Amino acid sequence: MNKQDLPWHSRFDLLGVTFLLFLAASLGALPSIQGSGRDLDYWGNLSHFVARFFPPDWSIFERTMYGLLETIQIALVSTLLAVILSFLISLGASRNVAPGWVLWPTRMLLNIIRTIPSLLWALLAVVIVGSNSLAGVIALTLYSVGYLAKFFSETFESTDLSSQNALKSLRASPLQAFQYGLWPNARPIIWSHCLWMLEYNVRSASIIGYVGAGGIGLHLKLYAESADSWNKFSLVLLCILVIVTVLDFAGEKIRKSIRDKLEGTPK
Amino acid sequence: MNKQDLPWHSRFDLLGVTFLLFLAASLGALPSIQGSGRDLDYWGNLSHFVARFFPPDWSIFERTMYGLLETIQIALVSTLLAVILSFLISLGASRNVAPGWVLWPTRMLLNIIRTIPSLLWALLAVVIVGSNSLAGVIALTLYSVGYLAKFFSETFESTDLSSQNALKSLRASPLQAFQYGLWPNARPIIWSHCLWMLEYNVRSASIIGYVGAGGIGLHLKLYAESADSWNKFSLVLLCILVIVTVLDFAGEKIRKSIRDKLEGTPK
Amino acid sequence: SNQQEEKAADPKVEKSSELSLQKVVIALKANKNPEKMLAEKEAIEQYLSAKLAREVEVLIPTDSSVVVESFRNGTLDLGYLSSTDAARNLDQETASILLIHLKNGLPSYQSIWLSLKNKKYQSIDELKDLPVAFASRSSTSGYLIPVWDLWKRGLVGPDTSLTDFFSLTIYGTGYVSAVEKVLSGEVEAAAVSDYVLTGDNKYLNDHQKSRLRIIQQQGPVPSHTICARTTLSQSDRAILQEALLAMNQENPKLRDQVFNGELIVVDQDKHLQVTREAIDLQKTLKP
Amino acid sequence: MPPPLLETQNLGLCLSGRWLFRNLTLSIPPSSFVAISGPSGVGKTSLIRILARELSATEGSINSCLHHGQHTSMIFQDLQLANGASSLTNALGGCLARHSSLRTLWGFPVHEKAKAMEWLTKFGLENKARQWASTLSRGERQRLAICRSMLSSPTLLLADEPVASLDSDWANRTLDILKYSQKERGGSLVCSLHDEGQVQQFADFALRLDWESPTQWTWEKISRSDG
Amino acid sequence: MPPPLLETQNLGLCLSGRWLFRNLTLSIPPSSFVAISGPSGVGKTSLIRILARELSATEGSINSCLHHGQHTSMIFQDLQLANGASSLTNALGGCLARHSSLRTLWGFPVHEKAKAMEWLTKFGLENKARQWASTLSRGERQRLAICRSMLSSPTLLLADEPVASLDSDWANRTLDILKYSQKERGGSLVCSLHDEGQVQQFADFALRLDWESPTQWTWEKISRSDG
């Protein structure tokens, strides 16, 4: 039996069809994307704009550090809360852990959480506790849960399930099968997602800015709005870049340590 | 040899230590999170606020649909571009595909992309091509790449690598080993991420709103600012929720079809 | 909110000469660069807490709906708001005007259209079918009043939208981004507040200013206001108003820095008349 | 004659249009060792998975005669261990059914650990208890999978080629342990084996599936001088 | 005497403080079948992985005497197939080294496909070519892994228990095919086997690792009436 013997459409499964649909829709949407139609000096505009970011203004370093510290504190607390909540919720949203009647309501809840924009979460938090760092934490936590729980549950559905199934067939409860069968396999991706969320929350400073909790987000907004502070803006970015890089590096190290342990590379 | 025989610290690997550090830092940050200190009627405030969202104002349905269409078009195009770019970049950022001298520069590039906030991407795009939907596409594309490429490369590093290694030992090039060894295993998660990005970009409409590219984001911002249009706001959210749910459902179906094919459940 | 009113009017605490609030929370507008903003924040906190013998906290929320909701739930006491934001709060009955500031002796300032110096437009009528920028959708002097002016001139109306008259209308993220679009040649003109060009170099540097000229002025734009939460008790309102008014004599420098001029008491409906008219008009325009 | 542990009626399985077996009617007597044999790909794994109700048959029915408290356990051909967990934890997976999720949330009862260590020792894995399952050799992993299933004390043990990757010493020893552990508690062992020597040496009954024709399976009672 | 394909000098491997083997000095002659045997967990896989340079030895050295154009291929005990790809695609993995990444980006050359189908047919998998590897039976997967390695036409084939999950018919047939394919092109086969019968029947040399003492390995030439 050769590949050519099969009808051409047999190569397309659900995935292929979705992909083609997506491609067709994107290409169909292209014509409606319009430029300004004016004759602009693209390169000149860009280089002028970018030039104003350099050199970074180190005079505000100390103040930036304070702002950043506050931001990191808020990010840490909200990420911790979000991770705990998401973990619980994602159990309810994973087909291979939760029964159907838990699954769909949980999924729908997550969809609703993700639909609500950050601004509205910020407002909601303000309505509940007023404009302060607690509101920032609440807003970021709720906002993060929508992402994180989705990622978690998708990870749980996509990793190697064989061991979980084996435990289920040994009559372990879904939770037990999850804990001792699936979790050991899903761990590296889950930790990646957690670190990413922490990073995201550090950068989500602007949401906290909305609710007036200060932090670096407010500085960023003020710098962006005043004409001549782009070099200050770039210093803040530089500091954030350091944090992002550290977290990226930590994620890499954790994944590597698990991989090494799995492969059992002798030292 | 029993578990008790081992020194207590042998239970902590890099992952455990990172987790404890994260926990300690989060708990340490807790005291600096402060509420308003006022005696508020939390529940009353919340329910009053939420009540103003209902019932949704259907009179603006048609206008919302137009805005949404524009938003979806921008999201589709930018997601397609982002997926293509991210895929290429993520190959360079995966330890098991790219050599070291490609790895770190690529990673650093991604960190920089992620550090730059959405607002700045939007500004940059506007500086280059002016305020229009093209700017929206550029901003969203660049912004998305930072996420998507990171997710992709982490997925490539965390899925089952055995088949890739086998092909490498059969002297396939890294790219070949990736295509025929790793990709078949990583596919479900990669598609999940793509659909998520599309969803995210539909919701990122508000970023595009900033740069004046229209779309539903602008409506949302106006409704939010006029304090008495929450019932219109909620209608827009309802429409977005439908899109989010459809995409969530599509992702679920795709994962399920791959899972079924893997498990070979007979029909 | 009724509860809070009762609490505020609790006879035990009500001694007309003393503030019933344990802590006063004030919101300022985020419109300057952070150095000045943070310095002002500290200065005003110190001044007022000495004056009122209460802890004072200054917030800088970046979204106007946060201010509305904070007034409503009672976590914000005073806010320095544009007339548009003030009108919004008044409509929602979350706050009312306590004081306004005078700019050059007037309770209003002007909105202007800016273009490059080498363009010879005499009035906004000449920009038909050309691209323009507004400061932002929520700006009073950079959007609301200019549109009101266009309507008075008969250029836009229920049948002619902004995009029918201009070839393109762009909304910036503030005065500066709108002006930058003029400087880069993307648009022909931008609507901003007059102090962007005539005031200090808070927004534009000298070089940028030297390339710009005013096409026309429109107004008046009612000046910014200090609003107080409606659920504050009458005596608290009076004490706060008194403390702020005292700045006129005791610390005019700080007053000018933070509130842009002399503080006076006005009739709030009269002050907001123009703004309200413009807001109402806004709703009748073709979108 | 004592009642059987499991009976099947006209069992048949069709995968992608091919019948693997049909009209399969068997009953598995207690305290017996049933060997399933046949060439690779004939459907041994599929049959065992049907008996374990992991897979549903295309036709026919299965009738379980297990009492309350008795149950079935399976040893998978693909082992299905959790690679990122230690051998001990993997083995302890077998005792999960005896404890609530809450009880096992923070670890296992000490007596279960001791029992697991006993099984590991029986299969020569006592020194590997703390090693991650992924670093064990294939044969060790196979023995670990057996430990896990044995820890659950099944009445009916369904083992899918449990000794395929073991050398003949370990294979004989393992089959011996499995056979006598099951006999001891009055349970049975259904085991697919591809080595005819092992079938002859250990099994009481042999079910032979046929590659050519799905209905040509045979059921044979094996008589041994020692039994 | 023709030069050997591979030589080792005093090879030793220590994993987690335990020496699996030491002072291992061998040379693998061309056109020969070397069997490695020993009890489960003794270190057969580890030795083969060292010979394939997948793992580095703790001490000693390996000296490859392969010419340009000659190379080594390995059949893994864990098979390491891509589950989400068809059997044919998996088998075709063996030909990747002969083509550039660009050439294989959109599919494989027709003649490679034909060759892969030939191998699949030899191992009885011709009807499974389009089936995903994950749905094959363990024995079929093992044969598929062999097809993949054979497609790369290795001079030195390192096979780690390639017939563990096969019934004796298939096992003999497989070892036969492997042995004669290798002999035909003047290559060698290093194969770990746990069945002494198979060692005696097919191997030219037997390396036996010892569980008790890492240095007590033995190298034996097997003489057969037929060879």
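Chains here go by letter, A, B, C, D and E, matching the order in which they are written, and residues are numbered from 1 within each.
Everything that follows uses one rule, which is that a contact is a pair of C-beta atoms (placed from the backbone, for glycine too) under 8 Å apart; a residue touches a chain by one contact, two chains touch by 3 or more.
Predicted, not measured: the structure shown is a model, and the values here were computed from it.
Common neighbours of chain B and chain C (chains touching each): A.
Shared numbers divided by all numbers used gives the overlap of an interface; between chain D and chain E this overlap exceeds half, so the copies present the same residues. Seen from the Cα centre of chain D, the chain whose own Cα centre is farthest off is C.
Of all chains, the one whose CA centroid is most distant from that of chain E is C. Remark: chain C and chain E have CA centroids separated by 79 Å (rounded to whole angstrom). Between chain A and chain B the centroid-to-centroid distance comes to 5 Å (mean Cα coordinates, whole Å). As a whole-number value, the distance joining the C-alpha centres of chain D and chain E reads 29 Å.
With centres taken as mean Cα positions, chain D sits 44 Å from chain B.
Shared contact sites, meaning residues of chain D that touch two or more other chains, fall at 16, 78, 131. Listed for chain C are residues 25, 63, 65, 69, 72-75, 168, 173, 184, 186, each touching two or more other chains. Among all residues of chain A, those that touch two or more other chains are 36, 38, 40, 45, 119, 123, 127-132, 160, 187, 224, 258, 261, 264.
Residues of chain B that touch chain C in their complex: 36-41, 45, 48-49, 63, 119, 123, 127, 130-131, 210, 212, 218, 221-222, 224-228. The residues of chain B lying in touch with chain A in their complex are 13-15, 18, 22-23, 25-27, 29-30, 32-36, 38, 40, 42, 45-46, 49, 70, 72-74, 76-77, 79-80, 95, 107-108, 110-112, 114-117, 119-120, 123-124, 127-134, 137, 150-151, 154-155, 157-158, 160, 187-189, 191-192, 196, 198-199, 203, 206, 220-221, 224, 233, 237, 240-241, 244-245, 248, 250-259, 261. Those residues of chain A that touch chain D in the shared complex are 160, 162-163, 165-167, 169-173, 175-177, 179-182, 184-185, 187, 258, 261-264.
Those residues of chain C that touch chain B in the complex are listed here as 3-4, 7, 22-23, 25, 63-65, 68-69, 72-75, 88-89, 91-92, 133, 137-138, 168, 170-173, 177, 181, 184, 186, 287. Those residues of chain D that touch chain E in the shared complex are 16, 37-41, 44-45, 77-78, 124, 131, 136-140, 142-143, 161, 164-170, 194-196.
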